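In the part that follows, the structures are each spelled out as structure tokens.
Here chain A shows up in two complexes: once beside chain B, once beside chain C.
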Partner chain A sequence: MNNKKRKKYINRKRKEFAWGCLFILPTMTGLIILNIIPIFQTIYQSFFKTGAFGRGNIFVGLTNYKRLILDGAVWQALLNTIKYAIAEVPISIAIALVIAVLLNEKMQGRSIYRAIYFLPMVVAPAAVSMVWKWLFNTEFGLLNHLLESIGLKSVAWISNPAIAIYSIAAVGIWSVIGYNMVLFLAGLQEIPRDYYEAAQIDGANSVQQFFNITVPLISPTMFFVVVTRIIASMQIFDSIFMMIDTSSPALKKTQSLVYLFYRYAFVENNKGYGSAIVTLLLGVIMIITIFQMVIQKKWVHYN
Partner chain B sequence: MKRNEKILKSMKHVVLILGAVIMLVPFAWMILTAFKTNSEAMQINPFVIFPKEWRTEAFVNVWNKMNFIRLYANTLIMIVIRILCAVLTATMAGYAFGRLKFRGRDFWFALILFQMMVPGQIFIIPQYLMVGKVGMLNTMFSLVFPGLVTAFGTFLMRQAYMGLPKDLEDAATLDGCNIGQTFLYVMMPLTKSSMVALGIFTALFGYKELMWPLIANTEQSTMPLSAALAKIQGQYGSNFPELMAASMIACIPMIVLYLFFQKQFIEGIATSGGKL
Partner chain C sequence: MKMKKVLAAILGATMTLSLAACSSGTSESETSSSDDSKSKDTKLTVAIWDSNQEAGLKEIMNDFTESTGVKVDIQVTPWRDYWTMLEAATQGGEMPDVFWMHSDQISSYAQYDDILLNLSDKIENSDKIDLANYPENLVSIYQNEKGDQLAVPKDIDTCAVWYNKKMFDEAGIEYPTVDWTWDDFREIAKKLTNPEKNQYGTAIKPGSYQESWYSTIYAYGGEVISEDKKKSGFDNPKTIEAMQLIENVIKDGSMPEYSVVAENNTEELMMAGTVAMTFQGSWMIPDLASSDFIKENCDIAPLPKGPNGTKSISNGLGWAASAQGDHTEEAWQLIEYLGSKEAQQKQAELGVTMAAYEGVSDAWKNSHPEFNMQAYLDMLNDAQAYPSSKNTQVWYQVLMERMVDSFSGAKPMDQVCKDFAAEMNQFLAEEQ
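Here is the complex of A and B:
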């Protein structure tokens, strides 16, 4: 009897193994070919000088990395990327949180507001960037027309090297507010209503409630949004590629690491140096991720 | 007290309406510009807000310059194939990771998490070289290739399966279902909403993607909409009504889909918390 049970158990284990392997086989095969091997190939490639289609690979050791360390454009690009992230992430999160709190109750037009704020998420960044480039146009753009009509001077939004990266960040904020808002709305639903009722009885006003109940209790969602947004903003490419011409005086002060990667790897066909740049990006993102995991304990309240 | 509440409530709407207007201005300006003549668009004294006559010239011109039917078709084919492959493979793998116990499971799942942590650009050079080596650049295959499987989707589906009660599986086993049947007839139908969320995510991701088609599909016959917009801007850079018309043509199908399936779109994003 015992032996029979055991046999049955082993049989079941075996079946589970077979089905498990069968079910993950397509995904894992694809993942290994499409992603896992390429990670190592890219790192490997960064030690080589390359010709077209990977032919004529010459091992050059750390030459690409030496060049990278001495390349001012790379460090400027890293700085541009960080500037973008510092402008985009906190502002888009703050605005989205306020809107989510305002929308987190039964009110007229709630779903219409939600639909409008979310709208930029469903249009292609390539299209959106073209529209914003036109809005930002120094001579004929709508923004400068509005400024001039209230008596202010026009601004070279995307050709002035000092401010162009922030104009691009503004587009990023506009694009991502709805997305963050939806995530916050989902997080706000989890906060029990009695907390607010208790606070009201104790005489807390809505601002106090916001900072003492909403903010701490939404911190798990907040953490998730902050992590994903920082990582996504470190990979900014589309809007820079579409809005900043290669002849723009602001290019040097706006091109991101991914933009440089694209240019070296696919325009100048130097896949080795491109690989070194994207490996640097990998390192930066890994450091940010680890750092966030460490400080997570300090400010995220899990129930 | 009552009056204060009313004031607060209308203040709320003022803030929300103001924000909504800011969100909509770029869309409005895109539409208004697309119906202008080029000289109207570039007139500053006086500045023209509404076109004198709603002209469709810009649409006709870009439509003749780019083969938009082809571009729509390319985008649609890419999205449909990607959805089929990604949802199917991720649902199967998600079930295995979420509900089955087998040797090596944690190792393989760690690879999924690892893929999700690294920046996507790191895959691009080897993927490009791979597709190039088999001579498949500028084909439907190259357009679809990077999206055939999805680590993120697998993670999403695993979460969905982990949330289901254990009794269901036990009942199915008692009724004589093997693991495959349990998955197909009992468990999978219960994760439909997650599958829809993953489908929407896959569609949006494919539609928005720019860098990959920019390098792998450079010919108009196999290009998707996003890469075509970059090309149009590069070639006809300063005819603003035409650029805005092209943007509109590229945006409208997705916006219409969104308006019809708003709930699924928004809930899909909320449940997936996707990395778009």
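Here is the complex of A and C:
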């Protein structure tokens, strides 16, 4: 490559970079002002005993973190959060992938089915939770009504501490399947048809095709979905807040870290301790995400 | 690849902490309606949390708009989100012009001088408002340590028992009278219980503290918090005796299974015909009176008596104004009007709530002649101030948690009370 050409190339690269920066500027501004600055403010705040309305903060060092380590409720909440994530993420992904594969075939009314599966995603989470709260109601709920009509015993879906978190996870799965499905559909359409044709000629049946072609080739999409869903499920709050009353015997076994954060920061007005809890959550999510980044080499196939 | 890792980490972090941004986000939407300060017609934003009262208050505020030309926009934020909203609005400098204040929260707002509008001088120069016309303990709740008045009493509430007449008739039990005791209550609840018909005597849950078991505590001569607000009353033997009565009602089987009590509001269980007696605050009347089932079957009785007489927890809201707003003068005019005899009487007549203004609540009774509303008015004579401290929510949240253990039968009541007293004392010591 001669010098002139090279200079031109570098110039073009620079120009592209400048334009790129310009295009992401609006997003970055929003991100910095609404997200990144508050992250550091929150971490900063976790070292203070906070007064009401952000006034009269007193620096207390690690006191909030010491309290956090000794607070059994925090660790129980972390356990609840992890239980929720373990129940919600794999099941919702598995179901969504199967549905996406089925809806990727040519069939009548395909877009109607896609729209139906996506519907829960466009409904406000609070409204979804309210409806499910009624369905789950021990005494008057539709689910128990159905169970009793076929002669089974009714279940305290959201009051039994042993199962309430899974009932909430079921709602989470129901709500998120459509979103995951759309992402998988996009991923599936990237896979060249030739692979399937070649496999068919070799005599592979559709199950073999699914596990040997679809699953490996969709792994980049799968990776994206897994990472974002784990992060989102670790932040579960609204369905717990809406479905579990403060009088509920299951509250201790269902409250998530974000629920505790809400209680301390907004109900009890202890923003410092609330910030410490949410900083713990930030740390946990960071660790999980970094771990996923490391092991992705083992299972994600980029073309 | 490295860039990707960093980006993913940032993504994770931002998604976690976008929560933090929520708190400042709420105030944004509030601002839109109060921005027209320069236009001629002033518009005040008024924040309340009870949608049951919205229609009645709107009517009263219309009168105000007619006589002054100042427009009023009422915004309802449910109780659960109200204080989050107000706190964020305070911090962001976008408070509503006029809003409801509650005894639980006043002390955190009263510790600063530039948040709530100081009404003392204005009240002194007013010919409409004389604080002597309102119950003394209600007036003093809304004062700061210097004695400045920060809110004008809006209403007063008491609690009473709603009972299903039909269930009483079927069991051949006489309707409760002013003389009935908490022991009578326990016996009647037992008699009215018939699990085969899915009918239970009563439903009391930790969350209905103000209406039910706080009243029991004071009726037995116990207390929730000492008068100087420095000590918990839960290790007081009389408090424990009262709470054990509640425990016995549960042990008798006079309540539905705890999961049913926990998942439903007591008024819902009453409307479904599952329970015969529930405890309801006077603020619930618009809700209850709109139910056909309640109209047909139910009536109101006074609270039962204890060794210390009848005690009804009584609380009252206050109208407060923002000190930061552009329309503090108009805001004061509105509060002055809302606290005046005329508006207080109208509030009672419309059946919105009992009036804080003494002597005009009789009109409230006639808003629902089909019920024995007098029971609530009688309770005003047996009023017990709502127990609160500087940071009530801190111990209240833990109290709820502990009471769930005893109401669900997981732990004995006396143990729960004693343990909680120790915890509460620690919280109160930190408050000082």
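Points worth noting:
Following the convention adopted for this analysis, the second predicted complex is superposed on the first by the 269 of 303 C-alpha atoms of A that agree within 3 Å, B and C clash if a C-alpha of one lies under 4 Å from a C-alpha of the other, contacts with A are read in each partner's own complex, and residues count from 1 in each chain.
Operating definition for what follows: a contact is a pair of C-beta atoms (placed from the backbone, for glycine too) under 8 Å apart; a residue touches a chain by one contact, two chains touch by 3 or more.
Everything numeric here is computed off the predicted structure, so don't read it as measured data.
Applying the stated clash criterion after superposition on chain A shows that chain B and chain C collide. In the superposed model, A:270 lies in contact with chain C only, and not with chain B. By the touch criterion defined above, A:160 reaches chain C but does not reach chain B. Of the two partner chains, neither chain B nor chain C is touched by A:76. Residue contacts after overlaying the shared chain place A:63 against neither chain B nor chain C.
In the superposed model, A:128 lies in contact with chain B only, and not with chain C. In the superposition on chain A, contact is made by A:261 with both chain B and chain C. Residue by residue along chain A, chain B and chain C are tallied for touches, and B comes out ahead.
Applying the stated contact rule after C-alpha superposition, one finds that A:251 touches chain C and leaves chain B untouched. Using the contact criterion defined above for the overlaid structures, shared-chain residue A:209 touches neither chain B nor chain C, since it reaches no partner. Of the two partner chains placed by the overlay, only chain C lies in contact with A:293; chain B stays clear of it.
Comparing which residues of chain A touch chain B with which touch chain C, the overlap comprises 31, 34-36, 38-39, 41-42, 53-54, 137, 139-140, 228, 231-232, 234-235, 237, 245, 258, 261, 265-266, 275, 278, 281-282, 285-286, 289. Contact residues on chain B toward chain A in their complex (touch as defined above): 8-9, 12-13, 15-16, 19-20, 22-27, 29-30, 33, 41-44, 47, 88-90, 92-93, 95-97, 100-105, 108, 111-112, 114-115, 117-130, 132-133, 145-146, 148-151, 154, 178-180, 183, 204, 207-208, 210-211, 214-215, 225-227, 229-230, 233, 237, 240, 243-244, 246-247, 250-251, 254-255, 257-259, 262, 265-266, 269-271, 273, 275-276. Those residues of chain C that touch chain A in the shared complex are 4-5, 8-21, 23-24, 83-84, 87, 90-91, 108-109, 111-112, 115, 205-207, 256-264, 272, 274, 391, 393-394, 397, 400-401, 404, 407-408, 410. Contacts from chain A toward chain B in the complex involve residues 13, 15-17, 19-21, 23-24, 26-39, 41-42, 45, 53-54, 95, 99, 102-103, 107-109, 111, 113-128, 130-132, 134-135, 137, 139-140, 142, 145, 149, 174, 177-179, 182-183, 185-186, 206, 224, 228, 231-232, 234-235, 237-238, 241-242, 245, 258, 261-262, 265-266, 271, 274-275, 278-279, 281-282, 285-286, 289.
Interface of chain A with chain C (complex): residues 31, 34-36, 38-39, 41-42, 52-55, 133, 137-140, 156, 158-160, 227-228, 231-232, 234-235, 237, 245-249, 251-252, 258, 261, 263, 265-270, 275, 278, 281-282, 285-286, 289-290, 293.
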